[in-house]
Each structure stands twice: as C-alpha cells, then as structure tokens.
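Take a look at these structures.
Two complexes, one shared chain (subunit A), two partners (subunit B, subunit C).
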Partner chain A sequence: MIAVRGLRLAISGQPILHGLDFGIAAGEVFGLVGESGSGKSLTALALLGLLPEGAQVSGRALFEGRDLLAMTEAELCAVRGAGIGLISQEPMTALNPVMTIGDQVAETLIVHGAARPRAARRIAAERLARVGLPPGRIDPGRYPHELSGGQRQRVAIAAAIAMRPRLLIADEPTTALDVTIQAQILALLGGLVREEGMGLLLITHDLAVVAGMARRIAVMQAGRIVEEGAAEAVFRARRHPYTRALIAASAHVPARRPLPPGEVLLTVEGAAVDYRLPRRHPFARAPRFRALDRVSLRLRAGESLGIVGESGAGKSTLARAILGLEPLTAGAIRLAGRPVRAGDPRMQAVFQDPYGSFDPRLPVGRSLAEPFHALGPSRPRDGSARVAEALAEVGLKPGDATRFIHEFSGGQRQRLAIARALIARPRLILLDEPVSALDVSVRARILDLLAGLQARHSLSYLFITHDLTVVRAITDRVAVMQGGRIVEEGPTAEVLARPRHDYTRSLVASAPAIPGDWTARSAHA
Partner chain B sequence: MPGYLASRLLSLILSLAVASLVIFAVIEVIPGDPAAFMLGLNARPDTVAALRAELGLEGTRPQRYLAWVGGMLTGDLGVSYTYRVPVAKLVADRLEVSLPLALMALALSTAIALPVGVFAAARRGRAADRLAMGLAQIGIALPNFWFAMLLALVFAVNLRWVSAGGFPGWEAGLLPALKALTLPAVALALPQAAILTRILRSSLIETLGQDYIRTARARGLSRGQALRRHALRNALIPVLTILGLQFAFLIAGAIVIERVFFLPGLGRLIFEGITQRDLIVVESVTMLLVATVIVVNFLVDLAYVWADPRLRRR
Partner chain C sequence: MSGRRTLILGAGLAALFLVPALVSLVWTPHDVAAISVGDKFLPPSAAHPLGTDHLGRDLLSMLMAGGRTSLAVALVAVGIGVAAGVPLGLLAAAARGRLIDEIVMRGNDLVFAFPSLVIAILITAVWGPSAVNAILAIGIFNIPVFARMSRGAALSLWTLDFIRAAQVCGKGRARISAEHILPNILNLLIVQATIQFSLGILAEAALSYVGLGAQPPTPSWGRMLAEAQTLIYTQPMLAVLPGIAIVVTVLGLNLTGEGLRDLTDPRLRRVLP
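For the complex of A and B:
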C-alpha cells in the first residue's frame, strides 16, 4: 500500500536520512525501532509533508500508486487525515485545549468535505465510542483538560481514524502513558488494524512493544535501516551488531550480589500527606486530597527498594516526604533513628531530568560542590579533589568539572547528577525515574554504574519508577503503590513472579515483553 | 465556573473599596484646608466656611467618607465649585464625547490589528511580515498627537473632508458628530493598533508551534485552516489583556488628542479641575475612572472564561 524507496532527508544541509527503503501492506503492522536521533519521527513527518522549514527531501514514497513526495500542498492536505492518519506521542498537548473533543474529531470529517457539521458530529460520537469513549460515559462536549492522558490519546486516535485512513502512523503512541493504559491503547490499535484493514506504521524505541504488535520490523540507526524482516526472525537472528546491542541492552540486568542485610536505615511509619484543593467558592473550606495514605516501609543499609505505581499513585509525594520536603499530616519518617529533615547530607536524590537540576550558567564542578554548603562548618577543605573523585566514580574525567551542562549528552548528565548525589557521601540515594528518559543502551550502562556504586559504598537505594524491567534489574524488594497506599510489598522476584494483589497482577500482565524463546541464547542463525 | 465568577466579583468589590479609601485619604492628607486652598489667599473667612459646608468637610472622617461613597452610589457626585453644576451632569456631558471616541478607537485598532497580526504571523520572516513589523515599530514609536496633527493637516486643512476640530454635539445629528470624532479616533487607534498587532503576532507564532497545530495539520487542515480554527482563539488570551488596558487608557488618557481637536472630553475635564483646584471634580472623576478600569478588568476576566474553557472548571 505504501512503498518508500531511497528516502533521503537533509535539514539546513545536514543529512538526516540516508536512503530508506520499506513498504507496508494493508492490514499489516510495521514496527520502526530505533534510539533517539535515529530519524524515526522525521521519517513519519516526511511522508506527511509536515517537515520543518529548510528540509530537503528526495526519493519516492508511493502511497496507493501516487508519490507523496511529489504532491502539491493541496494534494497533501487531501491525503493527510483521509488516506494517512497520524497519532503522536504527547496526548497532553496534541489536542486543542479550547475545543471540545467531539468537535475535534468531527473537524477531520468536515475539512475533508465528508459530512456536514451535524452528520460529522454524529459520526464523531460513533468513532469516539469505537475507541472506548461512548457518549454515555464521556460526553463529546467535554474539553481535553477534563480527560486523563489515556483518554486523550483515545480522542487523538478517534480524530486520526475518523476518515478510516488506509495507513495509520503512530509515533511513540504509548510512551507517555502508564503501563496498563499502554496495554489498552496497543490493544485498541491492534483491533483497528484487524477490523478496518488499516496498515499501521508503529514508531517506537521500545523493543517489547514492537515484539508484541508488529508483523515486520525495521531497526533504524543514525538515519539508516540496518536490519529489516519478520519480527520474530529479526529478534532470533539479530544479524546486525546494532540489533544485537539493542536487544541485549533492553534486557540488561547488571551483575549484583545481594549484600548481607545491614541495620535498618530508613523507617516510614504510617506516613500521610494531604493536599489542599482549590476552594469551590471563596468562603468554603478548601477540600483536601489524601495523596499519601498511611504508608509504612523499612529500608536497610545496602538494600534497594523499588517503588512502582502509575501516575497519581503517590510515588513522588512519598519521595518528597522522605526528603523532608513535604510536611506530614500524620505518621513519622526516620533516617538512622532521627526524623528526616530537608538538606540532610546523608540522603541525596537523583531525578528524571538532570538538565533542569543544573544551573546552565555554572560550570558543572560548581554545581557538584553544592551539597557541601549543606554541611556548613564541617565542609571539607579538599572540595575540588572531592569533585574530581566523584567524577571519576561515575566514569567522567576530572577536567569535565569546568564544562557546562549543555555540553553533555543525556547519559552523561545523569552521571553528573549521580556524582552530585555521591559527593556528600550519603547513605541513601533516592532515584526518581532516573533512567526513564534514556535510550536503552545508555540505560543499561547507568544501571551498571548504580549497581557498582552500591556495592562499593554499601548505599541504600529507593528506586521510584513505573518500569518493571528496571525494578527487576536493580531492586531487592519492591513496594507497589496505588491510590496513595502500598498495596503489596515483598522480594522483587517473588512479587513479579507471583503477584498477590489484583493491581500488581494487572501491572505485571500489562508490561510488554519480548517472548522469552525469541531472545534465547541458543538461537544461532 | 461559579467559584471563579464569585472570586472575580469579590475582588472587584474589594478593589473598588480600597481605591475609594485611597482617593479619600489622599484628599484628606493634602496639608491645609481644602476650602481655603481652593479659594486662594484672599478669601473671606465666611466664604471659606460656606465652601467647607458645601464640600462636606464638616463631621468626622468616617462620616465624611460614608457620605461621599453614599453620594456616589446614588449618583450624587457633589456640585462643582467652578462650574456651579452637579459633577454628575458634567461627567455625563463629557462621556458623550469620550465614550464613543474610546469605543471607536478600540474598534478601529482591533480592526487593524487582527488582520495585520494574523497576516504577519502566517508569513513569519518573509518580506510582508518584516514590512508589517516595521510599520508597527514606527506606530509605537511616534506619539499619537503627531498622527493627530498630520491627519488634521491632510484631511481637514488640505482635503477639507472634515473640520479640524470641535464637536457639534449629538443634537446636530449622528453623521456630523461621528465625522467630528473620526480623525481623533484614528489618531488614538494607530499607536494602539501597532502594539496590538505585535502582541497578536508573537502570541500567534507561539501558538502555531504547539503540538495540536501539527496534529490538526496531520488531519488534513491547511496552514490557513489550522491558523483560523485552532491557533487564533488560543492566541487571543494575551490580546484580551492588552485590549482591557487600552480601553481604560482611552477613556481618560485621550487628553492630548482632545486638545488637538478641541473636543470637550473627560480628560480635559480632569485637567481643568486640577488647574482650577476644583477638588470635588478631581476626587469624583478620579474615582469614576478608577472604577472604570476595575470594571473593564472584570469584563476581561469574564472574556478569559469565554476564551479558555480550562478556567470554567474552578
């Protein structure tokens, strides 16, 4: 149905795509996998003629016999939305905030002249019902901000399929969603492909997602397709070294020896946090929302505890409470016997986005030395030596201290954030989604680094994440949170293999996985 | 939505109360006796006493404040000392000129800024955009009285389409009155339109970079459709803020233009009140202008709710 031949792209003279060849048949799911910067998303935009200014494209992209790359703007407008639909990554920003969801779906039909407004709204309601938002439950007259992330992605899908396009391009459609929602959206996309006979170009960095969805996959690296074939064959054969590295990294488990249990370092007893909500009217008492509901847990020296749960489960509130940044409504949190306080050097944190936590105008060495200020008079005299030592610990060079944060890659920035946490010689490091924004190969190396540091300094880790593969790779015990409570806790392997709570069970079942026998070591091809 | 409305209404009432207290206090702390100040050095004591009574300077401060506020609420703004007519009547006469003038200028500046701003944003970086922005820069830099004199020179002196100044009054008929207000309205509108154009353009350009615009384009909307149907309303929110501020300025700040065209407007009334030391006029008209600004801001808040459904949740 679509055949791409020799697709090349350069933006402002900088070559991005170096001649891509692939084809997708009707009713087929085609997975395009690669790391950030490989050119996956730009491939999708090139097909739709939505590239940024200064882009030069060459090659051919025959869609139902007509070359998309040779079309005029008016011809492309007629194809976009009608022949080819696009679903993008960010459901939170992909919808117009001041337009009702029903109108946004109906608009696709109206601009293509497929229906008059009244009929378009009726069809829109049908399409919304098809993606799981029946008018009885979610009124088409509602606005995007009144919906959850998963619901918004369903609206975006309804708008993309309103004209029943023959090809659907989904660019990281579930990356921003929780794992159970991801499973539902993937099931919805799979159902649409089967029922409507659409072709689906599924663009993702997540090998497990394509393994479960795609019939054929192409692996992209630096603007080239390095390997292409039937999904199972690509996973089993792994002809190209990059494919091998990618598959190995995604299943990477750092070598860890569980340490002998040390003394209890952190105790959380019946901790509760309430947030005030906006008042209904000026004289009303502000209603309260219980974000953390009587949570108790213990962490021993040298131990890693994973905290998993979906957005809104209270993970980040718990993290802030442990760091002493959130006053408790009830309960107590103690570090080595004493109540936690903000700025305690024995406790450090590493967050998902290290770029935002470094001052862009300071050399990183200055930012790294910042925890020393919390030490007050006991600040070490050998400050710069300690900075150099910390940089060496995380695999960077002492000379990097004089560089600025924007000069580092994503993985290096996360190493810097870890160095900053180490510099005060803490006993507990709180890691909030530290590898979620990283490509799989970088993620594997950061996990190795964390495992090594833990063994060397008998650090305790509190690992907050929504990603079960990370939990499996690096934690000894795991606590599952839902609605502000811990619903299940135990040794990681046991909880993930035999979940007892319904919620944990659905979490484990929803996590996409590459079938075990596809990646078995015995596969020689 | 009811919560948002109630909180805006409460803030409206509080602002009015605070403003009235401040204006009252300022008149109170002016050293010396206002009556003696108004009458000058050679006034006879009995004249001063009579004026004191007339000004409502008898009684305690709270009594006087309440009498003043109560008077304003019932439409009694006192009697002007210099004009010897009720201030309410003076203000009403002047508003007959100032209000239509402000509305005309506002409508005109919006009518210029909306298409030019949209046009410039849609052609960002190209010659048309640069030309529009260059003109806007000139419009902001040049004072409005310069435009006023230029317009008077061209259209009144040379072409003789309209008279160079004065206001015949609405009794003279709708057309002559509107004709007299046209040049001043254009002079007032041009710099405002220049500011508004720039705000609208930059707001639109920011909105056009949003994800939902790309989504809309991917659904088959042309560049222009995406701009009209999706970007414009989202870009309007900062524009509304500026519109509110401009209207408040136009009501009272047209004094220079009023002088150029010899218009009996509100700005001139305040100016004359100050030069003639007519504190009754100054106090009441100041309060009235402050109230206008506050009420216009309240209306802008309501317009936000129309433009942005996310505010309706609260």
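For the complex of A and C:
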C-alpha cells in the first residue's frame, strides 16, 4: 500500500536520512525501532510533508500509486487525515484545549468535505465509541482537560481514524502513558488494524512494544535501516551488530551480588501527606486529598528497594517526604534514628530529567560541589579534588568540571547527577526515575554504574520507577504503590514472579515483553 | 527581522538622542537657562544649528539637556521597579500558594487596577510638581510589572529538578532564589527593563507636557512640546523636534527590548546544542 524507495533527507545541508526502503501492506503492523536521533520521527514527517524549513527530500514514497514526495501542498492536504492518519506522542498537547472532543473528531470529516457538521458529529460519536469512549459514558461535548491521559490518546486515535485512512502512523503512541493504559491503547490499535484493514506504521524506541505488536520490523540507526524483516526472525537472528546490541541492552541486568543486609538505615512509619484542594466557596473548609496514606517501609544499609506504581500512585510524594521536602500530616520518617530533614548529607537524590537537573548558568563543577553546603562547617577544604574524584568515579574527566551542562549528552548528564549525589559521601541515594528518559543502551551503562557504585561504597538505593525491567535489574526488594498506599511488598524476584495483589498482577501482565524464546540464544547463533 | 538586526537598529535609534543627552551633562553648545528674547525664533545657523525658541534659547542645547531629564526620570523609575518588584516577585514565587504570595499578588492587582497616569497626576498634584515626584509616580507603577514578571518566570523554574537538587542539599528558599532563580531570570528582566525604560520616557514626557513633571528652567522634551503648542503654525519645528526625539527614542528602546528578547528567549536557546 505504501512503498518507500531511497528516501533521503537533509536539513540545512546536513544529511539525516540516507536512503530508506520499506513497504507496508494493508492490515499490517510495521514497527520502526531506533534510539533518539536515529531519524524515525522525521521519517514519518517526511511521508506527510510536514518537515521543518530548510529540509530537502529525495526518493519516492508511493502511497496507493501516487508519490507523496512529489505532491503539492494542496494534494498533501487531501491525503493527510483522509488517506494517512497520524497519532503523536503527547496526549496532553495533541488536542486543542478549547474544542470539545466530539468537534475535534468531526473536524477532520468537515475539512475533507466528507460530511456536513450535523452528520460529522454523528460519525464522530460513532468513532469515539469505536475507540472505547461511548457517548453514554463519555459525552462528546466534553473538553480534553476533563479526560485522563489514556482517554485523550483515545480521542486522538478517534480523530486519526475518523476518515478511515488506509495508513495510520503512530509515533511513540504510548510512551507518555502508564503501563496498564499502554496495554489498552496497544490492544485498541491492534484491533483497528485487524478489523478495518489499515496499515500501521508504529514508531517506537521500545523493543518490547514492537515485539508484541508488529508483524515486520525495521531497526534504524543514524538515518539508516540496518536490519529489516519479520519481527520474530529479526529478534531471533539478530544479524546486524546494532540489533544485537539493542536487544542485549534492553534485557540488560547489571552483575550485582546482594550485599549482606546491614543495620536498618531508613524507617518510614505510617507516613501520611494531605494536600489542600481549592475551596469550593470562600468560607468552606478546604477539602483535602490524601496523597500518601499511612505508608511504612524499612531500608537496610547496602540494600536497594524499588518503589513502583503508576502516575498518581504517590511515588513522588513519598520521595519528597523522605527527602524532607514535604511535611508529613502523620507518621514519622527516620534516617539512622533521626527524623529526616532536607540537607542531611547522608542522603542524596538523583532526578529523572537529565536536562533540568543542573543550573544551566553554572559550570558543572560548581553544581557538583553544591552538596558541600549541607556539610556546613565540616565542608572539605579540598573541594575541587573531591569534585574531580567524583567525576572519575562516574566515568567522566576531571576537566569536565569547567564545562557547562548543555555541552553534555543525556547519559553524561545523568552521570553528573550521580556524581553530585556521591560527593558528600552519602549512605542513601534516592533515585527518582533515573533512567526513564534515556535510550536503552545508555540506560544499561547507567545501571551498571549504579550497581558498581553500590558495591564499592555499600550504598542503599531507593529506586522510584514505573518500569518493571529496571526494578528487576537493580533492586532486592520492591514495594508496589497504588492510590497512595503500598499494596504489596517483598523480595523483587518473588513479587514479580508470583504477584499476590490484583493490582500487581495487572501491572506485571500489562508490561510489554519480548517473548522469552525469541531472545534466548539459539543453538546456531 | 532577526533578533540581532532588531537589536542593532533599536540601539542605534535610541543612541541618537540618548548619547547627546549624556554629553549634555558636561557640555552643551549654549546655556539652556540663558534667555535672550532678542534672539527669538532665529533660523538654523552656525551659532544655533537648529535655531532658537520663543525665549531665544538654543534649540539643540534644549534637546540635549531635555533628554537628560527624560533619561534620569526613566532610569530611576525603572530602578525603583526592579529594586522593589523583583524581590517581591521572588518572595511570592518562593512562597507560592501561601498567604504571603496571596498578599503580594493582590497588592499588585491593587496597584494595577488604577490608571497609572491618573495616579501619577494625583501624586504630583498632592506633593507638588517636580521631577522627583514624577520619578516616584512612575516608579511605583513599575513595581507590579517586575513583581509579576519575576514571579511568573520563577514559578516555572521552581518545578525544575536542579532546584529540587539544591533543596536536597539543604539550601533555603531565600538562598535558592538568590543563587539559582535570579541569575536564570536575569535576561527576561533586562528585556522588561528596556521596555519599561521607554514607557518611563513616555510617561515623563506626558507629565511634563501637562506641567506636572520637570519645572522651568529644567528643560524637558515634554515641556518643550507644551510650550511649542501655541506656536505650532508659525514655528512648527519647535514642536516637531522634541516630538521626533520622543518617538525615535521610545521606538529605539522598544526595538532594543524586542531584539534582546529574541536573542535570549530560552525557547530559542534550547534548540541549540
């Protein structure tokens, strides 16, 4: 149905895509996998003629016999939305906040002259019902902010399929969603392909997602397709070294030996945090929302504890409470017997966003030395030597201290964040989604680094994440959170293999996974 | 137009009148207070390149020295706005959602609710017209502008991880505001200051025009306009020249602000490697 031949793209003279060839048949899911910067999203934009200014494309992209790359803007407008639908990554910004969801779905139909407004609304309601938002339950007259992230992504899908396009392009459609929602959205997309006979170009960085969805996959690296074929064959054969490296990295488990359990370092006893909500009227009592509901935990020296849960489960509130940044409504949190407070040098943190973790205006050496502030009068005299030492420990050069944060890659930034956490020689490091913004190969190296540092300094880790593969790779025990409570806790291997609580079970079942026998080393490999 | 070109054009236009104003601090071709009625309405000549006004004062000297008043009033007024507004905004952002934030922002709304020029007229009417009172009147209205802007910019910074990291290191709110927030909103403040500066010049001209700003014999563009008003048909240049001075300077400063904004916009910067 679509056949791409020799697709090349350069932006302001810099080559991005170096001659891509692929085709997608009707009713087929084609997975395009690659790490950030491989050019997978630009491939989708090139097909739709939505490239940024200064882009030069060459090659052919035959869609039902007509070359998309040779079309005029007017011809492309007739194809976009009607022949080819697009679903983008961010469900929070993909919808216009001041239009009702019904109108947004109907808009495509009206623009393409397929229906008059009244009929378009009726069709829109049908399409919304098709994606699991029946008018009886979710009124098409509602606005995007009244819906959850998963529901918004369903609306975006309804708008994309309103005209029954023959090809659907989904660019990281589930990356911003929780795992249980991700499983639902993927099932919905799979069903649409089967029942409506659409072709689906599924663009993602997540090998497990394509393994479960795609019939054929192409692996992209630096603007080239390095390997293409039936999904199972690609996973089993792994002919190209990059494919091998990617699959190995995604299943990577750092070599670590559990340390003998030490004394109890951190105790959380019945911790509760309430947030005040806006008052309904000026003299009403402000309603309260219990973000953390009597949570109790223990963490021993040298141990790593994972905290998993979906967005809104209270993970971040718990993290802030442990760091002493959130006053408790009830309960107590103690670090080695004393109540926690912000600025305790024995406890440091690494955060998720490798881009926002450092002050852009300071040389990184200054940022790294910041924890010395917590040491007060006992701050070391040899500050810069300690900075150099910490940089060396995370695999960077001492000279990097004078550089600025924008000069570093995402993985290097996360190394710097770890160096900053190490510098005050803490006993506990709280890691809040430290690898979820990183590519799989970078993620594997950061996990190795963390495992090595733990062994060397007998550190305790509190690992907050939504990603079960990370939990499996680096934690000894895991606590599962839902609705502000811990619903299950135990040794990681045991909880993930035999979950007792219903929620844990659905979490484990929803996590996309590459079938075990696909990745097992075959005899002739 | 690119940010850099806007900036250069704007700075050039503003300098056209602001540099002579600075020069007038040490030297003017003639004494601006010297009245010689016999020499009134002289056409441009070697001694008086732009001619003389109805009291025989040298027009070029008047324009140079008049800019000095505008400059001083606008500069001090912006200074008042920055000195009081920025700390208030940072305080409100650091205490976001709490009572102190509420008090600061509602106080801002209160000041914003009054038409600024009317209040400026009221102040000068009560305390008497003078350049100092004009400065105070204009400066007070700059405070909420800077407070609101720094609070808005600081709020978005407070959600970033590097601020959380600083909190984990035990730094207090005041210290974080001074060490991390302020340097990161500085470029926005500079842009806003340029624009407020041009508005200050405009406001001073307006106050002087209605006789509530600088008092004779202190020259001022606004007063020159007011005095030339009755002579507009016989001696149009007397009104046109200070008018051009105001328009060009305000336009130039606005363009400078726009250019600075384009050059320092974080959304544009983030694209760079």
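Everything that follows uses one rule, which is that the second predicted complex is superposed on the first by the 523 of 525 C-alpha atoms of A that agree within 3 Å, B and C clash if a C-alpha of one lies under 4 Å from a C-alpha of the other, contacts with A are read in each partner's own complex, and residues count from 1 in each chain.
Convention: a contact is a pair of C-beta atoms (placed from the backbone, for glycine too) under 8 Å apart; a residue touches a chain by one contact, two chains touch by 3 or more.
Note that this is a predicted model, so its numbers are computed, not measured.
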Looking at the overlay, what does A:86 touch: subunit B (first), subunit C (second), both, or neither?
first
After superposition on the shared chain, which partner residues are touched by A:316: those of subunit B (first), subunit C (second), both, or neither?
neither
After lining up the shared chain so the two structures overlap, which partner does A:278 touch, if you call subunit B first and subunit C second: first, second, both or neither?
first
Looking at the overlay, what does A:160 touch: subunit B (first), subunit C (second), both, or neither?
first
Taking the superposition on A as described, I'd like to know which of subunit B and subunit C A:97 touches: first, second, both or neither.
first
Which partner does A:352 contact after superposing on A: first (subunit B), second (subunit C), both, neither?
second
Of subunit B and subunit C, which one contacts the greater number of residues in subunit A?
B
Which holds for A:475: it touches subunit B only (first), subunit C only (second), both, or neither?
neither
In the superposed arrangement, which partner chain does A:420 touch: subunit B (first), subunit C (second), both, or neither?
second
Interfacial residue positions of subunit A with respect to subunit C in the complex:
323, 325, 341-344, 347-349, 351-353, 356-361, 367, 370-371, 373-374, 406, 417, 420
Using the touch rule from the top, collect the residues of subunit C that touch subunit A in their complex.
160-162, 164-171, 180, 183-184, 272-273
In the complex, go through subunit B and note every residue touching subunit A.
2-3, 6-7, 10, 210-212, 214-223, 225, 229-230, 233-234, 307-310, 313-314
Which subunit A residues qualify as touching subunit B in the complex?
48, 50, 73-74, 77-82, 85-86, 88, 90, 93-99, 107-108, 111-112, 143, 145-146, 156, 159-160, 162-163, 278-282
